[in-house]
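Right after this note come the structures.
Common to both upcoming complexes is subunit A, partnered first by subunit B, then by subunit C.
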Partner chain A sequence: MRELGKQQIEDIALGATVLGTGGGGDPYLGKLMALNAMAEYGNVKMITHEEVPDDALVVPIAFMGAPVILIEKLANGNEAKDALKMLEEKLGKKAFALMPIEAGGMNSMAPLALAAELGLPIVDSDAMGTAYPQLQMVTFTLHDIPSTPLAQADEKGNRVLYETISNLWSEILAGNAIIPMGGACVIACYPVLGKQLKKAGIHDIVTYSEEIGSAIREAKNNSLNPVKTLIEKANGHLLFEGKITDVVRNTEGRFLKGLIKVEGLNDFSDSKMDIDFQNEFLMAKVNGKTVAMVPDLITIVDTETAKPITTETIKYGFRISVIGMPGNEQWRTEKGLEIVGPNAFGYSEEYQPVEKLNQ
Partner chain B sequence: MRELGKQQIEDIALGATVLGTGGGGDPYLGKLMALNAMAEYGNVKMITHEEVPDDALVVPIAFMGAPVILIEKLANGNEAKDALKMLEEKLGKKAFALMPIEAGGMNSMAPLALAAELGLPIVDSDAMGTAYPQLQMVTFTLHDIPSTPLAQADEKGNRVLYETISNLWSEILAGNAIIPMGGACVIACYPVLGKQLKKAGIHDIVTYSEEIGSAIREAKNNSLNPVKTLIEKANGHLLFEGKITDVVRNTEGRFLKGLIKVEGLNDFSDSKMDIDFQNEFLMAKVNGKTVAMVPDLITIVDTETAKPITTETIKYGFRISVIGMPGNEQWRTEKGLEIVGPNAFGYSEEYQPVEKLNQ
Partner chain C sequence: MAKQKIGIDVGGTNTDVVVLDQKNNVVAKVKTPTTGDITTGILQGLKKVSISKSVQKENVTHIMLGTTHCTNAIVQRKGLAKVASIRIGSPATHLIPPMMDWPEDLKAAVDGHHFIIGGGYEFDGRLLNNLSEDELNEVFNRIKNKVDAIAITGVFSQINSEQENEVCEFFHKKLGKNFPVSLSHEIGSVGILERENATILNAALYPIARDLTDAFNIAVSTMGFNAEIFFGQNDGTLMSVDYARKYPIFTIACGPTDSIRGAAFLSGIQDGIVIDVGGTTTDVGVLVNGFPRESAVSANISDVRTNFRMPDVLSIGLGGGTIIKTVDEQVSIGPESVGFKLSEEAIGFGGATATLTDIGILSGKMNIPEAKSITQIRDQLESKFSKTDEFVKNVLVKIADLTKDVIDSLKTNAEDIPVILVGGGSQLMPDKISGTSSITIPEHYEVANAVGVAIAQISGEVEKVYNIGGTTREQVIEETKSLAIKDAISAGADKKTIEVIDSEDIALAYLPNALKVKVKVAGDLLV
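Up next, the complex of A and B:
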């Protein structure tokens, strides 16, 4: 068990945004909510999955909605509490701890404000290891853990509880409700017992986010090259360096889809990169040849500062470096690829590991 | 308390379709489900609102969705039970009786199959006295009775429980979920105690439906004019008689909207009628002058048989009689008109009672 203070929160938000591969939203609002709650209620305590008793209840808390709307929409601050309360009532059991569902900017922060307010610890685990755009795309699905009961709350005070026949149906129904709810909401879902979490979670991921964030921050303070530092820290590959020449985006239902075109600079001059996204960066090609694909991580950072850039803020003219990192081993199995492999996102290409594509 | 057999069910379905003013769907599927369940489990018992103990729980059961889809979509027969069970679990209390929410073809039948299966009585009351297209348009809203907890179930086995900030928000959220659910579902909503129902319900409405249905049936058997018989029985006005020359319909979200044009025959030759609908018939004009409007009832029946015609089955060439009937007194108050008056449906006209417009 350790305590997370302001610096840790800043580093986690930065590192999780790197791991979020363009998705999971900008951490700004979530960070504000977390820091504000910690100023009022005290720092958040974080425990490892091993510190969770086998029969204790852990509840993931997440924002749900298009990142571009999450930025604009004000939360009322009670959504997470409303959702958790509805879930606890249904289960007849109190949460022992909260956890993030994914490593994304916004959602790495999602459980923190509520954890501070209720004095609950968060667990140093999530269920994606990155940020994926759909609710069923979690390692819990690999272990047949249901997403339900799933509670959803909006900023107006509406609460909805789902009991579905599959995690995909939770995605369909809870995702569909986001539109009348105004584009964003908070969910409490995948309630897990300690013994389930130990088996199915992606562990020490918050600490890993923090390490990445602090490495980038310290590189800047120590006049090191931040992109190089990040690549070393994250076991990554420099896939490309260049200038963004075009961004095409369109909001499809609750998803932000699009394509980014990049013209090479330095070692990559005379080359072109295309990056496809659906909330997250999914597929990167250099001169038409794939260099990284989901479930491996494709992150775009500012070439000067290594600050990660999310799909909703990326713009023409940005000078960027594109980094590929191996995805979590749970996702690189046959069953994992069924859920978050390239085919699951509509690509016909077979998955090939980033380290093989860039050896 | 009395028992409803096959003949009563047939008469109720027919009479409720008259009161449903074109909405609430064709009773065919609901009647089949009711008769089938009664053949298996025995007849349904019906009690009056006075026979419900003040502290007993009564739960309205309703189909929700566009009537045109309700016709095509097969139910699995467990939706109503799933929804009721979810609601009872949430309330921690068992239903003493079920009831219909509206007097419409399909929804007059909605609670019957489940009532037969569970051996529960239905109450001879509803909360519309006709069929309205939205969930908040019930007399319960006039009495500040919340629609929630509201449970919704689809034929796949998904269940959703709503706790909303208003009855309008239940309409928005539960209505929105119908689309991914495939266009139709069953809801258990507005759980009321006996004492609330006694104050807020529209009473003896099932019996009234049955009386209208049996009057039409018997007129045919006794060689009386069925339309005249219906008008006498229902305290109605013959607004028009003619032939349908055009029907324009479009599905907007879960609503079937449109306009019917009728050319006069017999006493009405050289006149034209326009009838606007949104699931239900809302506004009828003869030669541009309004002759009836919501919340009064506008019913279209076959001129030969007095068989009511619903908005989704009405067609070019039908020979019809249009009948206006006074709406329930609860709706003709200032507060009632706010919820289901012409302005609530987007018309700028002020409400005028059908008996005044046709005196």
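Up next, the complex of A and C:
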């Protein structure tokens, strides 16, 4: 068990945005949200998965909605409490701890404000190790852990409880309720017991986010190259360096899909990179040749500061570096690839690990 | 009679004044030291330029001012208004209160209570919550006689500004219709915290803007000009005095913009790199279609986060006043500068500090009649640095390296790109820089900023989120464009010259049919 203070929060928000591969929300809002709650209720305690008793209940808390809505219509702050209460009533059991479901600027912070208010610890684990666009894309699905009962709450006080026949159905039904709710909501879902979490979760991920965030921050103070520092810290590969020349965005169904075109600079001059995204970056190609794909992590950072850039804010003219990192081992299995591999996102290409593509 | 217009740039060191004829030819130019009160410097400049035979006061129809006065007021926390900040959006937005991460001293200078009241809209224009008269009365009782200005920010006021306007009317009824109120839908784009910050800063600048516009009006009429007055804003376009009084925040960072635009105009080059060599820094920016390329990352004003249009400019500590020395027998340039004390401290002006201006004179690149002779400067440098010729050569190589690096990081591709040099220290730059296709030092390079503000355009910009169900992307972009054009015309632009200078649309994740559209147009000032 350890306590998270202001500096840790800032580092976690930044590092989680690196792992969020373009999704998971704005780290600035995430940071302020957590700090505001902590200023009122005190610091949050974080425990490791090993510290959770086998029969104790852990509840993931997450924002669900369009990041562009979240930056305008900030949450009330009671949504998470409402959703958790509804879930606890249904289960007849109190949460022992909360946890994030994915890495990302907002969603790594989502459980923190409520944890501060209720005096509950958060667990240093999540269920993606990165950010993915759909609710069923969690390691819990690999272990047949149901997403329901799932409670969804908006800032107006509306609450919906779901019982579904599959995690995909939760995604469909809860996703559809977001629009009438005004584009954003908070969910409490995948209630897990300690023993389930230990087996199915991606562990020490918050600490890992913090380490990445602090490496970026300290690189600047120590006159180190922030991008190089990040690559070393995250076991990454520099896939490309260049300047964004075009961003094409399309809505397909409920998703923001698009393509980012980059022209190379320095070691990559005369080369071009294309990056596909669906809320998160999925596939990166240099001169037509794939250099990284899901479930490996593709992250775009500002070349000067190594600050990560999210899909809703990326723009023409940004000077960026693209970094590929190996995805979590759970996702690199046959079953994992079925859910979040290239085929799951409509690509015909077979998955190849980033380290193999960049030998 | 042939009409004329005047551009004034108030910089950190000098106040530059230029007079342009109807075809935008420079007919007169002066440089005079900037003064603490700004007005005296402007008066001096106008006085000097009026002496020129080619300037006819009665023919001057427009005077444009580019100034960093508002930026400085925020940086120094001086003369700012106490602002009541009212956010319309409860039950949403309580998660992060207004001004949460402002620097403490700036917050203390500006914050005269902040509130989150019931109201706001959804992304699709549906009502989030109603306004409550009782709540407004309560706010009024709390702020009565305690604040100088009000800032109002409503959730999705970009979609529907009705509630912001209603709250404004309420306070105008209570406090008088001239009480300064700043409305967020007129200030910024989607992203409530950044827009709210900008709206509060704008309200805080009201007294500064009032004094500045009054002083400028007086300076102009004292000098016997009967011209219309404009202010330069940070996107390279102009605004009227009335507009500047209402939206002083838009004058922030207009300096680099003016120099890039001025460089484009003076050189005739529309796409390239502009290097503005001043006294303390060299600012390097990118020119795209005659306009400065905007910065990608969100712009902070004195550590307050905003989402403003700011030119993408990199600054390096290299200018006429930059101090040079040797460290471990290697040439070291800046970033320290003697600044406005150049004419006292530089060796070339009788001082004891070796500056880049001295190197400029010694190398024959700069010709400054009032400075000491090359022999005198050489003697004094010789006593500081042995092997003077080699030293001078090394300094010039270093300047070339620094410049090449900064150009490289701004370029979008490996192709050689034209470079335009402006600013008083332009001659310090090398004749050749690798990665560039040409280097142009246009006529009047030393007053490019003042020329930039004199030729600035009038713009209009609109950003909205649409539900495109039942319509098309093209239709909503067209609608946004016509709103922007309407904006520009009402600000004084000539309809015939208006062109779209930026158009962007973003589909919103998780929401079918929701499209965020932003269009910016600009046109010549209607003379």
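Here, the second predicted complex is superposed on the first by the 355 of 359 C-alpha atoms of A that agree within 3 Å, B and C clash if a C-alpha of one lies under 4 Å from a C-alpha of the other, contacts with A are read in each partner's own complex, and residues count from 1 in each chain.
Basically, contacts are C-beta pairs under 8 Å (C-beta built on N, C-alpha and C of every residue); 3 or more make two chains touch, one makes a residue touch a chain.
If you're wondering where the values come from, they're calculated on a predicted model, not measured in any experiment.
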Touching partner for A:Gly157 - first (subunit B), second (subunit C), both, neither: both
Touched partner set for A:Asp302, first subunit B, second subunit C, both or neither: second
Which partner, subunit B or subunit C, touches more subunit A residues: C
Partner chain in contact with A:Met86 - subunit B first, subunit C second, else both or neither: first
Partner chain in contact with A:Tyr41 - subunit B first, subunit C second, else both or neither: neither
First, second, both or neither for A:Thr245, with subunit B first and subunit C second: second
Subunit A residues contacted in one complex by subunit B, in the other by subunit C: 156-157, 179
Of all residues in subunit C, those that touch subunit A in their complex: 89-97, 100-101, 120, 122-123, 126, 128, 155-156, 158, 190-193, 293-294, 296-297, 305, 312, 408-409, 411-414, 465, 504-516
Subunit B to subunit A touching residues, read off their complex: 86, 156-165, 169, 172-173, 176-177, 179-181
Residues of subunit A that touch subunit C when the two form their complex: 28-29, 32-33, 35-36, 64-69, 71-78, 113, 133, 155-157, 175, 178-179, 182-183, 243, 245, 249-251, 253-256, 263-266, 269-270, 279, 302-304, 307, 311-312, 315, 317-319
